[in-house]
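All chains are identified by letter, namely A, B, C and D, in their written order; residue positions are counted from 1 within each chain.
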Amino acid sequence: MTPHVDLGTWIAALLTLFALSFLYKDNPLFRFTESLFAGVSLGYYVGTTLNQTLMPNLINPLIHDFNQSWDLLVPGLLGVILYMRYLPKAGWVSRYALAIYVAYYIGLDFTRRLHGEVLPQLARAIVPLSHFDAHTIFYSLVFAAGVFSVLIYFFFSKEQDVVTRRVARVGIYFLMVSFGAAFGFTVMGRVALLIGRMNFLILNWIYPLFGIR
Amino acid sequence: MAGFVDKLLNIDRRWLFLLVFIGVALPIVMPIGLPVTTTASTRDAFEFIEGLKPGDAVLISFDYGASSGPENDPMAEGIMRQCFLKRLRVVICALYPLGGLQLANNSLAKVTAEFPDLKYGEDYVNLGFKDGAQAVMKRMGDDIVGAFPTDVRGTPLARIPMMKGVRSLRQVSVVVTVTTGIIGEYWITQAHPQSGVPVIVGPTAVGAPKYYAYLNAGQAVGMLSGMKGAAEYEKLLAAKYPPLERFYKSTHAFTATKGMDAQTVIHFVIILFIIMGNVATLSQRAARRKAEAR
Amino acid sequence: MNFEFGRVALVVLFAVLPVVGIALGFFAPALRARGPLFVAFFAGIIPILSLYIPKRFLSGEAGMRPRLDQWLIIVAGFALLLGIVNVIQNGTRKVARREKGWPYSVVLLTGLFITGGLGIWGAISGQGITSLPNGSGTPFKWIADNFFLPLQATIFALLAFFMASAAFRAFRARNTEATILLVAGILVMSGRVPLLEFLAAPFPPLQPAAAGASQALGKLTEWIMQTPNGAAQSGIIIGAALGAASMAIRLILGIEKGYLGLGGGE
Amino acid sequence: MRTGGLSRAQARPTLVAAPLLALLLQLLARPASAAAPETTPPPSAELPAPTSFAAIDRPSDGGGAVLLTWKDPPGLPADAAIQIRRAVPPAYEWADIATVKPGVQRYEETTAKDGVVYRYEIRATAATLAGPPVVSDPVASRDNWFAANRTNSFIATALFLAILLVSIAMAKSGKNIFIRRIAGLNAIDEAIGRATEVGKKVLYIPGIQSMDEIQTIASISILSHVARVTARYGADLDVPNKDPLTFVSAREVVRSAYLAEGRPDLYREEMVNYVTYDQFAYTAAVSARMTREKPAAIFLIGYFFAESLILAETGQSTGAIQIAGQADPTQLPFFVATCDYTLIGEELYAASAYLTREPILLGSMRAQDIAKAIVILLGILGIILTSFGLVSYPNLFKTQ
């Protein structure tokens, strides 16, 4: 089978090797790849946002169906005056758009904090400890001890007396087990990326290049 | 001996890099085929989708980028294959700005090529990407057209037959968020409590530990965590669907199960590194203490 | 013209009010800070009230909140591209003044203008940025698939290497906390992959024992993740959620002004 | 003019949210779905009629829905069904709405138009037989002012809002809000002390994010404390920056710290310096500086991403005391494994509140602690109650 690797794969393979070169030493090829990535990803933002959000949700409705979507002029204008922050004198005008944008999203975020996080987690932490069998001890007792000791660890308004200091110690142990678990999972996460790239290099670039398989 | 330990501890970083490089390359060139064991959270996700009836709507949200492709792609593609085999109505969208749309398009094209008899607009639809993740979810809770007036190619949703019965998230049987970072949490802590739609989350391994708290509280009905979660799902799919068993055995393309070989080797290498590093330091400290004692 | 209550109310709040504020702001500089905070209050309070008040004027289909959600999807699109302006400013300044590393700015700006330009062309020509009607990909898609995806994947793939070297050279069980962390980490790592099967591969007689031990290790890892880790994560979530809720209230009520670039006093 | 049928008291949303009582009331008011107790069915050609039939406006919704609830009569045949019909008085043409299987005993009728008065009728039907119809009182659907199903969330929000505003008001009025000294601050002072003894540099890295990130702001306030200690001890301070805005704030804070300690002579402009905007180039440059100058104390406090691994590893190889701090948990495992001390999660904010004594920060910290105390008390009370049988107590906190 004649070795056939299309241009796109060549480019992707070379960029992958340039990036991996950082492992040997910080070098111009890596800096080139990094800058290219920064530029292309910003360009990708432009293309995606323009085609997938601004055209279908703002521009087309205004052009084709103005009577129903006349009010979309307001978010459009707010979006534009966001950019006035770069004007030296009239920069303060952009504060209105920034204020609406930041306040709305932090307001929406607020609706999930107590309603979607604190209350459901509190409901879950309330576990019956009525009968002492292995399951209750290892699942309910350990769980409840973990949640409340971690909460007491992050309690700052009172000096830690003898009891709270010991409970906070238990809290830090629970935190350390969860950090250890997070560390173990992170290993798998990072290595997965490398496997993906090596797979591409070996199976999509080297093998076809030498006509293997 | 002490000299060797000192040299070992100050070894040039690049030798360790070489070891990792080989540890990943070998299993790709010479697959070992180690067994994969399934965990409860993955089985729950699998059973939940198995419990759906043909025609039920499933929303698969691509909330990740190429930086976690090898973990998330096999999850998204595995679940898509299951939904297509069960004749569910699959709605695809992407809320991750840095590449979500690209991965949604590529995965969808790849999987639909395996199911030639499926028709766009009747069995599956791709809504594309939208900015403002939390606002999009809130809008989809009342009315999907408000957030996605058209599909990825610009066709108004009113002209897409399968979207007739799917007005908002309340008509969706389950949302599968394949995610890196925080967008998966928005689905679980905002979209689920406020619109009632059940959520299956497929986080990267880095993001998975936090989701166990949401899983415990019943805020998610199942989870595929990292490449291992994807490999487990492939095993469950192969056990239930013979056509998929043949597919996963014969395909040359990357699968999570194949990736697990290299994962095992590198996990072994890193565990060895930690133990050796600590033993070397202890022996170095003991040697120094002995030298001071004399 | 559609004058549903929701749209009109939003236009008054987020168009008329700011215009009045800006007009007054030209004369009374103090208003330049207070005006945005006043408008921000409404933008932040509508989603929260709508959670508890189902009345149609606020939460109904023609109400204020659903329409505000739709508006803010658009504003989010503009906000995402904000960072590009100062990247272009820095880049062009660096190239103009030949500051250290200016060739890399040229590479960055080229990548940005080519990819962004193709994206803009896709929007103007109506081709879009995915595939053409005849199925072949648009040039934007070609760049995204062959430049953007591999670059993003590879730069993050470097982390596996840094992780490995840090594991050997820096991860020390220097105190009780670090010891618990490393022991838990090793346990979870060996329970998440078929490690014992891998080690027993060259010794067939050991394989059944290895499989059994691996099964047990897997169960232990599941317990560690669900109970001790689940409990600690739950505690962290509650603490972080209260912190974020407190920041949200301070910002919406104008107590916290930093995000507008205003000092405490102004 | 408010039309609408007699709504059962417990289903009417209580506008005045009386705290715990409303919660228990709302809990008990939930229509019990348990079937009526089984009694011997009376033999009759006709089917028995359903009982306690109620038609009310569906609570906590945006209108357009009527909630029908009833109890299935005992002794219904297997193939029976409950048929629901509706009519608009005064013209009583009964239109079929739906048929519901026995055991459900509940139906949400969502085609109702707000304000229009309806009457509903249900009866048990089998293949040929039909039971006597039961007719509801007139009812009209409407949109409600309060989502009664979210009473618990509303109470939590109102309570937290009150606690926060009161705490901030107290802090602003100069009342002394106690915050315990975080152990990490002692570690910081010791590390600088050691650096001064060996005459080596103190390196402070404020993370790689800008000033819109809360963790960077907290890091700058800790930098101000570190600068005061280095000024007092006369140690050499070096603060490399990646973000331009953080760089400006850091230089401002270090200069005023040296002035406040009365040592303007020790302050040098290049103590706080700008390296580059690119993440990995910054990491490579700072790592090289670490190996070259071998600082005695290194601080990694602020928002870090993957570069934390390289910085912490290089710092550790130079033998320096390393103190890290980050609120976001992603990098904390690596910091704990490589650094001598780590400020974990909210400790970062507590440290900056302790140092700056800034009223809003102190007030917020106090309010969040009060809320945590309430969560702990409700939780432990819950465990006790559920252990003694009140199993439905956790449902008070479940949200819809």
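In this section, a residue touches a chain if its C-beta (ideal position, glycine included) is under 8 Å from a C-beta of that chain, and two chains touch if they have at least 3 such contacts.
Keep in mind the model is a prediction, meaning the values are calculated, not measured.
Among the remaining chains, B is positioned farthest from subunit D, on the basis of C-alpha centroids. Between the chain pairs A-C and C-D, more C-beta pairs are in contact across A-C. In terms of their C-alpha centroids, the spacing between subunit A and subunit C amounts to 5 Å. Per-chain Cα centroids separate subunit B from subunit C by 17 Å.
The mean-CA centres of subunit A and subunit D are about 18 angstrom from one another, to the nearest whole unit. Residue positions 22-23, 31, 34-35, 38, 41, 44-45, 48-49, 52-53, 55, 57, 104-105, 108-109, 111, 113-118, 120-125, 143-144, 147-148, 151, 154, 175-176, 178-183, 185-188, 190-191, 193-194, 196 of subunit A each touch two or more of the other chains.
Residue positions of subunit D with contacts to 2 or more other chains are 150, 153, 157, 160, 278, 280-281, 317, 329-330, 333-334, 336-337, 345-346, 372, 375, 399. For subunit B, residues touching at least two other chains, in rising order: 17, 20, 24, 67-70, 97-99, 101, 128, 130-132, 135, 138, 152, 154, 193-194, 206, 209-210, 213, 216-217, 228, 263, 266-267, 270. Viewed as a network of touching protein chains, the structure reduces to a complete graph with every chain in contact with every other. Put simply, subunit B touches subunit C in their complex at residues 9, 11, 13, 16-17, 19-21, 24, 32, 34-37, 39-40, 65-70, 97-99, 101-103, 105-106, 128, 130-132, 135-136, 138-139, 142-143, 146-147, 152-154, 194, 209-210, 212-213, 215-217, 228, 260, 263-271, 273-278, 281. In the complex of the two chains, the subunit B residues touching subunit A come out as 14, 17, 20, 24-25, 28-29, 67-71, 97-99, 101, 128-132, 134-135, 138, 148-150, 152, 154, 186, 188-190, 192-194, 204-209, 213, 216-219, 225-228, 252, 254, 258-259, 262-263, 266-267, 270.
Those residues of subunit A lying in contact with subunit B across their complex are 23-24, 41, 44-45, 48-49, 52-53, 55-57, 60-61, 104-105, 108-109, 111-113, 115-117, 120-121, 123-124, 143, 178, 181-182, 185-196, 198-199, 202-203, 213. By the touch criterion given at the top, residues 22, 26, 30-31, 34-35, 38, 114-116, 118-120, 122-130, 144, 147-148, 151-152, 154-160, 175-176, 179-180, 182-183, 186 of subunit A touch subunit D in their complex. Subunit C makes touch with subunit B in their complex at residues 47, 51, 61, 66, 69-70, 72-77, 80, 126, 128-131, 141, 144-145, 148-150, 152-153, 155-156, 160-161, 163-165, 167-173, 182, 185-186, 189-190, 192-195, 197-199, 201, 211, 214-215, 218, 222, 225-226, 229-230, 233-234, 236-237.
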